[in-house]
Amino acid sequence: MTDRTDFRFGLRVRYAEVDFQGIVYFAHYATYFDVAIHEFFRSLPYDYTSIRRTSGTDFNIVRSVVEFKRPLRFDEAFEVEVTLGRIGRTSLTFTPAIWVASESEPRATGEVVWVHADQATMRAVPLPEELLTLLHGRSGMAQEV
Amino acid sequence: MTDRTDFRFGLRVRYAEVDFQGIVYFAHYATYFDVAIHEFFRSLPYDYTSIRRTSGTDFNIVRSVVEFKRPLRFDEAFEVEVTLGRIGRTSLTFTPAIWVASESEPRATGEVVWVHADQATMRAVPLPEELLTLLHGRSGMAQEV
Amino acid sequence: MTDRTDFRFGLRVRYAEVDFQGIVYFAHYATYFDVAIHEFFRSLPYDYTSIRRTSGTDFNIVRSVVEFKRPLRFDEAFEVEVTLGRIGRTSLTFTPAIWVASESEPRATGEVVWVHADQATMRAVPLPEELLTLLHGRSGMAQEV
Amino acid sequence: MTDRTDFRFGLRVRYAEVDFQGIVYFAHYATYFDVAIHEFFRSLPYDYTSIRRTSGTDFNIVRSVVEFKRPLRFDEAFEVEVTLGRIGRTSLTFTPAIWVASESEPRATGEVVWVHADQATMRAVPLPEELLTLLHGRSGMAQEV
């Protein structure tokens, strides 16, 4: 089963992020996705950065995909839509997209897979109950079995 | 048919690239791939950056994938292996991997797809003949039809 | 004579910008300054990025200084205060500072010097009249002679 | 008294580091300086990253200056010259410069001040004796009093 939780966060292209072609250097799209995923957690609200201190676990990214449709240019304002495509036992799969206002197609889409892992052994462990509760409360999502 | 052209380029993790977990921030792996692909072209030798001046075409990245196996840490030396997985009519698909000496598994693998496009219309156009000749000379590769 | 034009722009520390010590990597402060200076121009409003197309001139940065007082940490919200410390004949000297709400001392201060230059010869040329008019209108500033 | 320790480390401009003007984005020069300073320590050899684990102290950057003379362009090879301009009681002042082979003037010069500080209190503490010994052995430098 696939769950969806939509969230949007606005950003603007920095001069530092633009390359010789005048478009955003491709690796920065993954950073944009990451910034928006952080804001998604804030909106729950869930402070995932504190789990490392209390539980010895943390999230690690195991897969990052970006599909580039049309380039973002310097100074363009855009929104990163964060969709939670899948809630696994130990992982979360986000499928973000980058939108510019009034356009009908995204500039870019992608996938980011986070795994919840014990930082000493680097083995995947089940997602924190508190996080699951917040995700379910958000949008009537059911955990994937 | 799948063609292969292997090439390796050495790098070392910069402090600027490491995050709070002491490991390389995930978006930088795509930059590492990119640096090595540039060096791969230099080794042919093919100056793809000059085609925009002479032909009005250029390469655009349409897809970038990174699969993270085990993190790179600050100051680690590593090699990016650039494999040319597929030569299409208008595109090149690279399948890079990051290796640390003496290890039997890569730290990360990925895929980067470059499309050769007219920069005015942004439509894909056939790969330059000169580039195809160099790629074929390199490893007995045949163009995919 | 020294002129002042104050402007503040809010940002938040990205995970991508934090290093192994959990604090913002030092080189990113200059990027923060730059983002805020861009927004300062937008507020005038002056589109300095278009001058290269119409006049063949552009701004080049000739000096960048950052003094680090106390580190910014991951996820902290802050404001970059942009003060225009000096309007020269061919240059602008910004003296930005980074503030966190309710604090009495800035986290960092600095200086960024922009020179208006002919891009073919790279020689400094007088600041555009239109820009001077906007800067004077902003705060009763007089051009330094 | 001013001490000097020269060291050079070679780099090449990455596409990721170039901006819309086709030149290196100004904030990256500080990163180049930083990479070369790390290599300078390796050459001593001194592992400054381990002091945080053994002593609870670490180095913090308190000042960073870059003076831009002529821009570095995409794919240019260059060397960062690291000069140790001053050894203070608790600080080291580096005065790096960026050189392109066969040129008589540097592309950029700068200053980076590192302070050795207790990470709990953030108060400056004397430089480690072992480091001073290595620096003195390197070039007959005397500690500044």
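Here the chain labels run A, B, C and D in written order, and each chain numbers its own residues starting at 1.
Everything below uses one rule, namely that a contact is a pair of C-beta atoms (placed from the backbone, for glycine too) under 8 Å apart; a residue touches a chain by one contact, two chains touch by 3 or more.
Note that the structure is a prediction, hence the values are computed from the model and not measured.
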Notebook entry, point to check: Which chains are in contact with both subunit A and subunit D?
Noted result: B, C
Checklist line | Copies subunit A and subunit B touch via same or different residues, half shared test | finding: same
Margin query: Report the chain whose CA-based centre is farthest from the CA-based centre of subunit C.
Written below: B
Check: From the C-alpha centre of subunit A to that of subunit B, how far is it in Å?
Finding: 25
Margin query: Using Cα averages as centroids, what's the distance between subunit B and subunit C in whole Å?
Written below: 35
Notebook entry, point to check: Rounded to the nearest whole Å, what is the centre-to-centre distance of subunit A and subunit C, using the mean of the C-alpha atoms as each centre?
Noted result: 31
Margin query: I need the residues of subunit B touching at least two other chains; which ones are they?
Written below: 15-16, 27, 31, 34, 74
Item checked: Contacting residues of subunit D [partner subunit B, same complex] -> 14-16, 31, 34-35, 38, 49, 74-75
Next item on the list: Write out the stretch or stretches of subunit A touching subunit D in their complex.
Entry: 15-16, 18-20, 22, 25, 27, 74
Notebook entry, point to check: Any idea which subunit D residues touch subunit C in the complex?
Noted result: 21, 26-31, 34, 58, 60-68, 70-71, 122
